[in-house]
Amino acid sequence: MKRSRTHVTCTVNGDEVDFLASDDTSLLDALRDELGLTGAKEGCGTGDCGACSILVDGRVNCSCLMFAPEAEGSDIVTVEGIAQGDQLHPLQQTFLEGAALQCGICTPGFLVSAKALLDENPDPTETEIRYALAGNLCRCTGYDKIVRSVQEAAVQLRGASR
Amino acid sequence: MPRAHLMSDHRRFTDGEAVIEVEGVTVGAVIAELEQRYPGLGEMLTNGSSAGVDGVIHAEPEYLAIGPDADVYFVAPLTGG
Amino acid sequence: MKGRQMRYAAPATVDEARTLLSDNPGSQVFAGATDLVPQIRAGRPSPSMVVDLKRIDRLTAVIHEGGKWPIGAATPSADLTRNADFTAMFPGLSEAAGLIGSDQIQNRSSLGGNLANASPAADSVPALIANAGQAVIASGDGTRTVPAADIATGPGRTSLADGEFIIEFTLDDPPAGTGDAYLRMIPRTEMDIAIAGAAVRVTIADGTVSDATVALGAVAPTVVVVSDAEAALVGATLDGGRFDDATLDAVAAAASAACDPINDKRGTVAYRRQVAGVLAKRAAIVAAERAQNGA
Amino acid sequence: MTVTEDRPAYKWVGTRPIRHDGYDKVVGKARFAADLNLPGQLHGVFLRSPHGHARIVSIDTSTAEAMPGVKAVVTGDDFPALAAGHPERDTAINLMARGVVLYVGHALAAVAASTRAEAAAAAAAIEVEYDLLPVILSLDESMADGSPLVNEDNRTAFSGSDEPSNLASVTPLERGDVDAAFEAADLVIEREFETSWVHQGYIEPHACVVDVGADGKADIWASSQGHFRVRSQTAAVLDWDTARIKVTPAEIGGGFGGKTTIYLEPVAARLSEKSGRPVKIVMTREEVLRATGPAPGSKARIRIGATSDGELTAIEGWIGYIVGCVNNMAGFIGAMSLASYKFPNLKLEAVGVLTNTPATAAYRAPSAPQAAFAVESVIDEIAQTLGLDPIDLRLKNAVVEGDPTAMGMPHPRIGFVECLEAIRDSDHYGSPVPDGAARGIGTGFWFNIGEQSSATVNLNEDGTATVITGSPDIGGSRASMALMAAEELGIDVHRITPVVADTESVGFTDVTEGSRATFATGMAVVNACRELVDELKARAATIMGVDSEAVDWIDGAAVAEEHDPLPLDAITAKAKGTGGPLTVTASLNAGGAGPSFAVHCCDVAVDEETGQVTVLRYTTAQDAGTAIHPSYVEGQMQGGTAQGIGWALNEEYVYSEDGTMLNASFLDYRVPVASDLPMIETIIVEVPNPAHPYGVRGVGETGIVPPLATIANAVNRATGLRISALPMSPPAILAALNER
């Protein structure tokens, strides 16, 4: 059986890229295997853990639930694209300083989801943070330090935008 | 003389005796002596136990040197998560 | 899986979608694919082609005109929850859409998919039915319109014929003094499938309920509209803005009695029955508050 | 918040630097096993049993072998049969069934193909004929007289019997005279308890890449808590020389005990050997839930006697651990976890029982949560019945140094009392219980373990250092190693690079388990550093022209009278001329792991119409000995607590009658999500462990022990219900409320 592959063109982390993928390939697999962007992880493959979270046109999505060709023409941001060059995003910095990661497998997904939240809601309550991150599972931290780090990043981002 | 403290499931070899005085300058020597007196017990202590001496649990304690008045507690080996 | 490779197509118009479906036996439409992708992974019979409806403008539009709300069937749930006008008018349906999984899921999942998937536990369906939603279906070369309540016929089964797909839903502006609410029971606070759900819509005039709809999810093969609970509400008067206990007990009892649930890994028959009553009662309280607050 | 006994002033130990591996993890560069791809790599997929127990009559792989992309197929016949009694025999059988499948999900063949889809299609095309055998799923069925055998291979450990049995082990512990004590007691309470299997739930599925070369040498990249164990188990299962195998630890995406054994590597190795290509295997989440982990389910009966003023006089207990399809140590360990009070009279029996379910694995403080749930529930009921404060009752009876453990050996210095006092004096316990809520208390402990570790410390020419260990870092241990090295050497912690090296680049090191990494591997690091400091003093003496005895090491510099201090980088710069590279390796088998106690306090609200329990506030106090990096100590406490809350409230295995797990997904196996939990307040209690140079006890295990009873006790005070079975899911609570 010959497998035909579709040519997909999109923007990933600010760069225009193209790749070939079978239509039944998930966007997550395409990012990891075709583009070598292994920051997004597969924890479940069913949209229940959020480790594969990416931004698609500014919105957080589980890349494991998307067919690769759906990315055509879209603007995608993965964890690899959150920092500005050497300058970490405030979320990345507060996650480091706040010990918001232990094993680190869920971290890329949390950073992307938290960025989506703060992009839309710069001053979320603790409850809003917890619900916004409910699609991301972490088994190491009990979420405490993640939530606190998002709170701290929100403070910093609000200060920076003032 | 060192005293060997046995867990309950060791005691079926010793007619229920829980504490037994045994000569020996290492845990291994104590086990060998216990095997002499209670055939079968030695294998169980060698393969199924750690030894607690002076409040410290030792895995594979055969060559651990002990004092003349040591209390040697044979305890189940631990693994962790 | 064997010997056949699934293809993906993204038509720009409804007509293109119709053609793709008729030209490709074994094809199927999708919007969010939040259930479809896991099903394909699990090795269940996979479609020959998946037809992505999200690139059809009309199918992702939320419009309010002439007292009606046409809502594209492939509109992500998040577009409904973020739409302030929609949420002000249909707070219960909006909150139901906001309960379909995580933010990640809500950026993909749609009312059309939630309904056409025909899961008895679909969160948006009871509220859609409570608001008398109509479904516009692409059928043959034209369209047909049916009540949303008529789409699902059993778990995983619908009244949609081969080649048919839902284009949009229409809702009428609710009458003045109307409020709706949707509550569901899940073991966690998020990320679960409803064990039971209840949508209630009431219209209140001069302190008396003039109209009511009560629809339950996850307690029967399809959504259950509880006419006995509705009857208990219609004519009920509110004292200090609240229903009396007798009314609420009647609503709860009627809702519990209307259930035809199953035992499964998520809940028992007894639990579903009991909690459906609790949820119906609580949703009625919230709906009445909203009706009186001009929500 | 930290409660600390007097101790030396440290410069680095106890500080909170950014972890060394953190940057890679926040920018997506950290390499986990599934992130690695090798040229020409194939993908391996397992065929797993759809039956709970069956004899394999035949396996026909011919169709699969002819399918597109398929390069190799293996079955049990491709692996050597290990002799009865071989320590890895059960591991080998669990990896690949031989003749009999023991649970739904048991691997019985595997395929390597060019793509994962091709491998999956071929695996599905393998034809197997089964002869079904009885499926045993519960402890009661398994222990019933005349019960069919779960696994004909099993013998009860140390029973002396060679008869097949469904019992894994029987461990009695006894002291004093419980019968007389119960007779004399003013109050005796006896209760029964039950807990479900629970999975470790690490977010990263098991994964490996294995490349077996034409010379027969195997390169393995693995997600494991112990790559030396991957090596030894793989060697044993394949009957290979250890030296053929090199295991490189990838970053590990959580383990919690579940990655202390292997499921993939020998299979990938055989597939690679057969195909001549590297083979990658990544489990699906469904496979993880069906075929790895879980912690044992349990049943317990606990009876405790007390005097009217709250002195606990006797405990009699039986606890059965459902260990799954092969033997393990759960019962042995569980017996020892039952008593953390001064019971003068004690009679305990713990058994391990087999069922046709996945082989259970360690999970954070293995066997202790189940035991503590039972004991702490009864203790709480005694406090209530006697009208005593639950902390006062525990303080009155808590074990201290010298009191016997359940197995008789006296406890070393421990901090149970200090933890109880920390909660008693906490803001949380001192605050009024919120309206509509109730408060629960629970405690727990874990012995912790030592075991073997190695560390190499290299000083570089510019005065920076590399600390190389063999302990996979599952929660921030690299930062702890660097902190201890910084303290010893007197240099900035970020001038130190901590590395977890492969099996050919560092000395043997046991698995990261039992909270041993910071304790035992940390000791190896400290020993290596101390030896290095001696060498640095000798080199400094040469440079300064003084006797080495005249040199002290103070704050990162050699100090001798009448000489300017010679900082470390000045010495390393002259390493070549003073004797060559500065490097030391230390290895040890660490004894003296210190038990860590924890006391938890939580407030819950119960929705009496739906049965839903909401955790409103949670505080944990735990004895860390000394917290090397307090942020990661807190993280261990919080993470363990969250897992315990999941165990208490919603996590369970739901099986069909034929042994199929019905909830094998993260949708229906419900680990707590962020919105389920409050902040988890931490109080680090520091009662230093005298056996460690910095007093470390190890903190990873204990956090999961107290939450089960802590929440159950709070639910009791909210509703009057004494919950005897976990999880306390809404349907279970509502059913109990309906019967109240």
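Letters A, B, C and D mark the chains in the order given here, with residues in each chain numbered from 1 onward.
The rule is simple: a residue touches a chain if its C-beta (ideal position, glycine included) is under 8 Å from a C-beta of that chain, and two chains touch if they have at least 3 such contacts.
None of the values given here were measured: they were computed from a predicted structure.
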Between C-D and B-D, the pair joined by more C-beta contacts: B-D
Rounded Å distance between chain A and chain B, as computed from the means of their C-alpha atoms: 55
CA centroid of chain A to CA centroid of chain C, Å: 29
Euclidean distance of C-alpha centroids - chain C vs chain D, Å: 43
Sequence positions of chain A contacting 2 or more other chains: 1, 24, 45-46, 48, 131, 134-136
For chain B, residues contacting two or more additional chains: none
Junction residues of chain C, two or more chains touched: 41, 189-191
Interchain pairs in contact, sorted by label: A-C, A-D, B-D, C-D
Residues of chain A touching chain C in the complex: 1, 3-4, 6, 22-24, 26, 45-48, 50, 53, 56, 59-62, 64-67, 69-70, 72, 113, 116-117, 131-132, 134-136
Residue numbers on chain B that touch chain D, as the complex places them: 5, 7-9, 18, 40, 44, 48, 52, 55-60, 71, 73, 75-81
Interface residues, chain A side, partner chain D - complex: 1, 24, 32-33, 37-46, 48-49, 51, 78-80, 82-83, 88, 92, 95-99, 101-108, 111, 126-127, 129-131, 133-148
Contact footprint of chain D on chain C as seen in their complex: 1-2, 41-43, 185, 187-193, 195, 264-268, 270-271, 274-275, 278
Residue numbers on chain D that touch chain B, as the complex places them: 157-158, 160, 170-175, 200, 256-257, 260, 329, 332-333, 335-336, 362-366, 405, 407-412, 446-451, 513-516, 589, 591-593, 691, 700-701, 704
